[in-house]
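To keep things simple, chains are lettered A, B, C and D as they appear, and every chain counts its residues starting from 1.
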Amino acid sequence: MENIFEKYESEVRSYCRTFPKEFTKSKGAIIEDIDGNKYIDFFDGAGALNYGHNHDYIKDKLIDYLKKDGIIHSLDMYTTPKKEFIQFFEEKVLIPRNLNYKIQFTGPTGTNAVEAALKLARKVKKRENIFALMGCFHGMTLGSLALTSDKDSRKGAGLPLTNVTHIPTPYMFDNLNIVEYLDKILSDDHSGVDKPAAIIIETVQAEGGIYVFDNKFLQGVRAICDKHDILLIVDDIQVGCARTGTFFSFERAGIIPDMVVMSKSIGGYGMPMALTLIRPELDIWKPAEHNGTFRGNQLSMVAAKAGLEVMLNEKVEKQVKDKEKIVKKYLEENINHDNVEIRGIGLIWGIDVHSEELSKKIVNECFNNGLILERAGRENRVVKIMPPLTIDNDVLLEGLEILSKAISKILK
Amino acid sequence: MENIFEKYESEVRSYCRTFPKEFTKSKGAIIEDIDGNKYIDFFDGAGALNYGHNHDYIKDKLIDYLKKDGIIHSLDMYTTPKKEFIQFFEEKVLIPRNLNYKIQFTGPTGTNAVEAALKLARKVKKRENIFALMGCFHGMTLGSLALTSDKDSRKGAGLPLTNVTHIPTPYMFDNLNIVEYLDKILSDDHSGVDKPAAIIIETVQAEGGIYVFDNKFLQGVRAICDKHDILLIVDDIQVGCARTGTFFSFERAGIIPDMVVMSKSIGGYGMPMALTLIRPELDIWKPAEHNGTFRGNQLSMVAAKAGLEVMLNEKVEKQVKDKEKIVKKYLEENINHDNVEIRGIGLIWGIDVHSEELSKKIVNECFNNGLILERAGRENRVVKIMPPLTIDNDVLLEGLEILSKAISKILK
Amino acid sequence: MENIFEKYESEVRSYCRTFPKEFTKSKGAIIEDIDGNKYIDFFDGAGALNYGHNHDYIKDKLIDYLKKDGIIHSLDMYTTPKKEFIQFFEEKVLIPRNLNYKIQFTGPTGTNAVEAALKLARKVKKRENIFALMGCFHGMTLGSLALTSDKDSRKGAGLPLTNVTHIPTPYMFDNLNIVEYLDKILSDDHSGVDKPAAIIIETVQAEGGIYVFDNKFLQGVRAICDKHDILLIVDDIQVGCARTGTFFSFERAGIIPDMVVMSKSIGGYGMPMALTLIRPELDIWKPAEHNGTFRGNQLSMVAAKAGLEVMLNEKVEKQVKDKEKIVKKYLEENINHDNVEIRGIGLIWGIDVHSEELSKKIVNECFNNGLILERAGRENRVVKIMPPLTIDNDVLLEGLEILSKAISKILK
Amino acid sequence: MENIFEKYESEVRSYCRTFPKEFTKSKGAIIEDIDGNKYIDFFDGAGALNYGHNHDYIKDKLIDYLKKDGIIHSLDMYTTPKKEFIQFFEEKVLIPRNLNYKIQFTGPTGTNAVEAALKLARKVKKRENIFALMGCFHGMTLGSLALTSDKDSRKGAGLPLTNVTHIPTPYMFDNLNIVEYLDKILSDDHSGVDKPAAIIIETVQAEGGIYVFDNKFLQGVRAICDKHDILLIVDDIQVGCARTGTFFSFERAGIIPDMVVMSKSIGGYGMPMALTLIRPELDIWKPAEHNGTFRGNQLSMVAAKAGLEVMLNEKVEKQVKDKEKIVKKYLEENINHDNVEIRGIGLIWGIDVHSEELSKKIVNECFNNGLILERAGRENRVVKIMPPLTIDNDVLLEGLEILSKAISKILK
């Protein structure tokens, strides 16, 4: 019998095809379907639920705010929750890290924050080109989509995607120093590659296949940007908010981007929110030059501040570092099949089985055994482990066990 | 003393410059600032709050849902609130209107829904060009921005905006029949204007200056689309959800668009949400060809369904038609200054004072007297009246009175 | 039997399909095929042979120059023929007309001169958009092709053609004042039409269907350019070199373009040559910023100067004015069929039979009777009369007679 | 005293700044200025004069043709000289080399032939992107300019140059196998690099700095094109017509391009001409889909055929191979300074002095001593030796001696 989704929801729907259940409830790292089946969540709302599903601390703040009829929707007017979020974010997140950014609240999607960063970079530098890395994902609206590297997404544009140059990555070519490559094509007056306004980079390419860029590379890219007067934009939408063990993923490399785009878990409770952080001297926006109706959703502001409080109170960064060891150890000890590669940092890991068919079978097997996770990377060959950062260790291990067994079964 | 917003929020902020207060609470048509001052809201979250601020019916549903730990964030997986929303929307909204659309849940911003529609139109028709109307506003991400007509927004792109042809509107040229104009340039093998995949249109141009397109024009555009095998996309983001007296703004013209983009008030409670409605035979999306992290925010689904219930239960369409008369009558009787033009339909009205300076003074005067409204249109010369549709008649009249007095004072 | 052309020359060949003979000789207004058949030439090399085929005065100069081993190819180095051409052009053509232009010798094709003008306009004004007129033709390379208005040519690009806005023409819309239209969309801050660097215009649209723009319109466009700080480029490739009765076609309107592009008959003898004339204050080119191997073909320089001498010595402008009367009178008296429209100026005339099929039959009938002419305009419905300007009156009348009979026969 | 050129010719002029004399006559490898000074020509009209200046055999044909009033200008109609050229080219040039191409006569500039090839490639493959190589030069009109790699030329566009991806070259990165690089980014579904319709390549990058691609690389590129269903276009404008020792420069590698673009010396006598050669199965042009007024200049056809006769009769290919040895030996023995690199093949050689200032001084010193040559490459650091292929050996050696002395003097 055709269900209501198949009948009425667009064919564009996707994850529901892998996990064809109707979900109703969730808590921490557990999702429950309508039949009462429970699933361990190693998918984490694609990174939007770093503090777990329905965290009680945040939930209480939301209910309180709703109850007292706090203003909900206010565009970009001044409000109390926004004031409190900004203050908390500056004082508790940025200043302790010696970071100095102004905050732009964009439409509450990651791609919108990316588009804002691209616009501002082009405006500041008066150049049209942007460098993005092969393997990257930055969103689906036209400006971001020109960055995004996967073929199927790009074809969806129905237009040539222009004004972006894709740069190879260190993991793609053994003998090519990418930092030198950048320097060379930027210095060469006959490279044909137009000098970009900015280089945009994820410190860990998630959709590309869970590739962690090492600190030296990140520092090298920063240095190239300095040398050639190019802005560095870090897209921390998926691996920010402590995913890699520090709030910002670039902290480990000691670099300071010119702009940072954030979304997903910044909303604290899975609430839609997105930010573009801007070095103050670059903040040459004119009023309303980039706007959007939902950039001032106050429930998101409330959840966002509460999420940051959870992050600090529960020492989530520390938790991640501890759990990274657990995951790493577990995978190394239990996943040692031929032609399987393990990559990751913090609580984002990929098991590259080098086969689209096998990865699919593994994911299905896991789901049948109560574990939700997704695939990523070239031809979707990488099984991706991305649990909530606050997951209990025993649940984490239980999930890993389901996964390990599924891999063993499928890879035999 | 510099406040926290001026210090830390990007210069792009805008409405807060017109209404420089910290707002805290809201209910119905009233917003309250931190000092306890109350304001009548004729701005309505730019159209996102058609059922009023913090409507109790919706609020209760939200609190209930939060309390029972309903799943909040689920990407595009199947969930109970989504099922209920879809079912309600199809059965209570579309089918009674003899409309047959599949629903695409896009990233929860209007611009994202527009981008999805553009992609799909280009994919279906295998053509790159899109026709948009002079005076239109469709969003700020690169694909939508190419449509959006105002100069300042366009300059923000930092790129040439391409693959869109702007078409003059009936109100711009007295002796030019725009439907014939369209037919002519589409029929002419030497017009130089590439045949578009789609024409996108607002039935009332809000940002353009509150211009209501008459039914004959809308029907003419539909006929041209049929004749030339072009898709018709109606952007009902601002004037849908009963703003003009019917749920969809195009109902009055008896036309059926091929796609409809919705956002703003579809979220019921000011919650971020956006939809692209698609005639089923056009739904050739491949899974995940357009995606986004927050397209499955369940609080928005809950609020959206509750909002539709309010719309039906409180006969909001009927209310609008009644209040339209009140506003129209009031304005005709009270605003009769030289060089002032009044335009509108339903509960969206513009008072064109033909002067950027005067409109600004009027808005400021209103704010000082407890009324929030904004400006729109060419050079921001139009004072825009857009209260919640559920506003009490006496509050509506009170707001109109403040406005009328302000206009009289400023225009002397 | 398949001939050598069909076997080896690309399918792109075109005029040879209408005139499938092998041509060998030519003189004045007469072309001869390999079988000794003679044809009156009302096609004129698409406007490249204004002084007739193989004019003896020019021919002698060419043979002399070849014989004395004058340098033939010299890129953009200084040469004696170039010096003499420049001097003659400035002193005998520009200065007497109170015109002050610097000369850029571009690659010897019209499209190259257009591309140079576009580049320079964009560079000077730092804007990307260009306005072109519906019905225009400006060439086939990518930059020019974006201007060119006919559908089939545009499709050949294989790319979206961007950064050009096509403007309707006076003959297209009876009640639309195009000069006011331009002013309105340029003044409107919500037109969505990006301000152009330049407007490019042919004073007579030849490929568009032989439409002569009246002086008032041309003056209006010039005024709009002045008002809005936009450059005016006149493309005089086809109707310059005295075709309309004055050397430059815009002289009749008393306007001064900021740039003029010339080609075709500027080469005097059908020799490849193209010029971009530039108001001196706009000549901000950097050395070699636009170059090309054949911009210094000295045979073309020799022919060009000799051609200008012919133009002056034989009072070609005067001849055109006289012959215009002959053609006009003849056509008015002899071509008076229903649904046939006659348009023209100088020695470029179109007979619009409003049918692609009929125009084709007429052209074929003419060819069979010894007259070569081509079609132009929307759907090729216009039979185009464009003889050499130096044609003898009796040959001119003979050609007109063949044409008149063909029309009568075909239209019955 | 300001001369006529400085007063009236656009600032874009360039070579005349290096060689500020008025030239009048030329013969073989010698150019003469107005004062009777003679210069050995190692510049060769940028490659347009491979058979020398004013070759008597060709000259006689031109004079004969002029004298007998052969048709000069005929667009793309059939003519006797065109027939004879096609026949000769097919039978004496293509068939003996086992090549099978149809010929498109484009507007007579190299850039026009490139634009035609790009259009056709995009049309055939229905893809927008083209791969070009870093260091390449393919022309100055918008489509070609997007390929051309040097920064200053690109800036002249006044537009973002799009739909081209620039590929690094073997000489740029020691440890990067470019053929593998191509394969990898074309195979990777996340490279972000859109699959191109074609790869366009010069077998020797002249403007890039005289870099000769080895046969293995050329074969590798051909193989990649086959593997990924991409067209291979060889731009033989500068190094075709026997410059490298075979008529087509790609013969040495044993590869067969899908299209070949030719210009410069194909005109035989420095006459403007350009061809796009097309594998017959790709010739899907519609009539007139790419056109141009001067694609049928019959003097060029006459000169082109005569030039090919010279090429065969005088065994120019053999001459080049012999003279290559002379030049190579001379340079190796006489130019052995620190930090100077010599590169070349056939009769195109570069002396890379790694300094813009030094290369300029050398060129000036040569000119003062009666030798004309130009610079090329990154920052113009390469002195370029490109004499006519028919140069007498003693003149060749005399020129080399002037050059050698100049280098010694400047580099000390």
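The rule is short, and it goes like this: a contact is a pair of C-beta atoms (placed from the backbone, for glycine too) under 8 Å apart; a residue touches a chain by one contact, two chains touch by 3 or more.
Computed from a predicted model, the values in this text were never measured in an experiment.
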* **Partner chains that subunit C and subunit D have in common** => A, B
* Most distant chain from subunit D by Cα centroid -> B
* To do: Measure off the straight-line distance from the CA centroid of subunit B to the CA centroid of subunit D, and report it in whole Å.
  => 58
* **Approximate Å spacing (C-alpha centroids) for the pair subunit A, subunit D** => 49
* To do: Would you mind pulling out the distance in Å between where the CA atoms of subunit A average out and where those of subunit B do?
  => 30
* Asked: Counting only residues that touch at least 2 other chains, which ones in subunit D make the list?
  -> 128, 152, 159-160, 163
* Across the complex, what residues on subunit A touch subunit D? -> 128-129, 132, 134-136, 147-152, 154, 160-166, 168, 172-173, 175-176, 181, 184-185, 188-194, 207-209, 377-379
* **In the complex with subunit A, residue positions of subunit C that touch it** => 159-160
* **subunit B-touching residues of subunit A, taken from the complex the two chains share** => 3-5, 8-17, 19-27, 31-32, 34, 45-49, 53-54, 59, 62-63, 66-80, 82-83, 86-87, 90, 102-105, 107-112, 115-116, 118-119, 121-123, 126, 128, 139-144, 146, 152-153, 155-159, 163, 197, 237, 263-264, 267, 269-272, 276, 278, 283-294, 297, 299-300
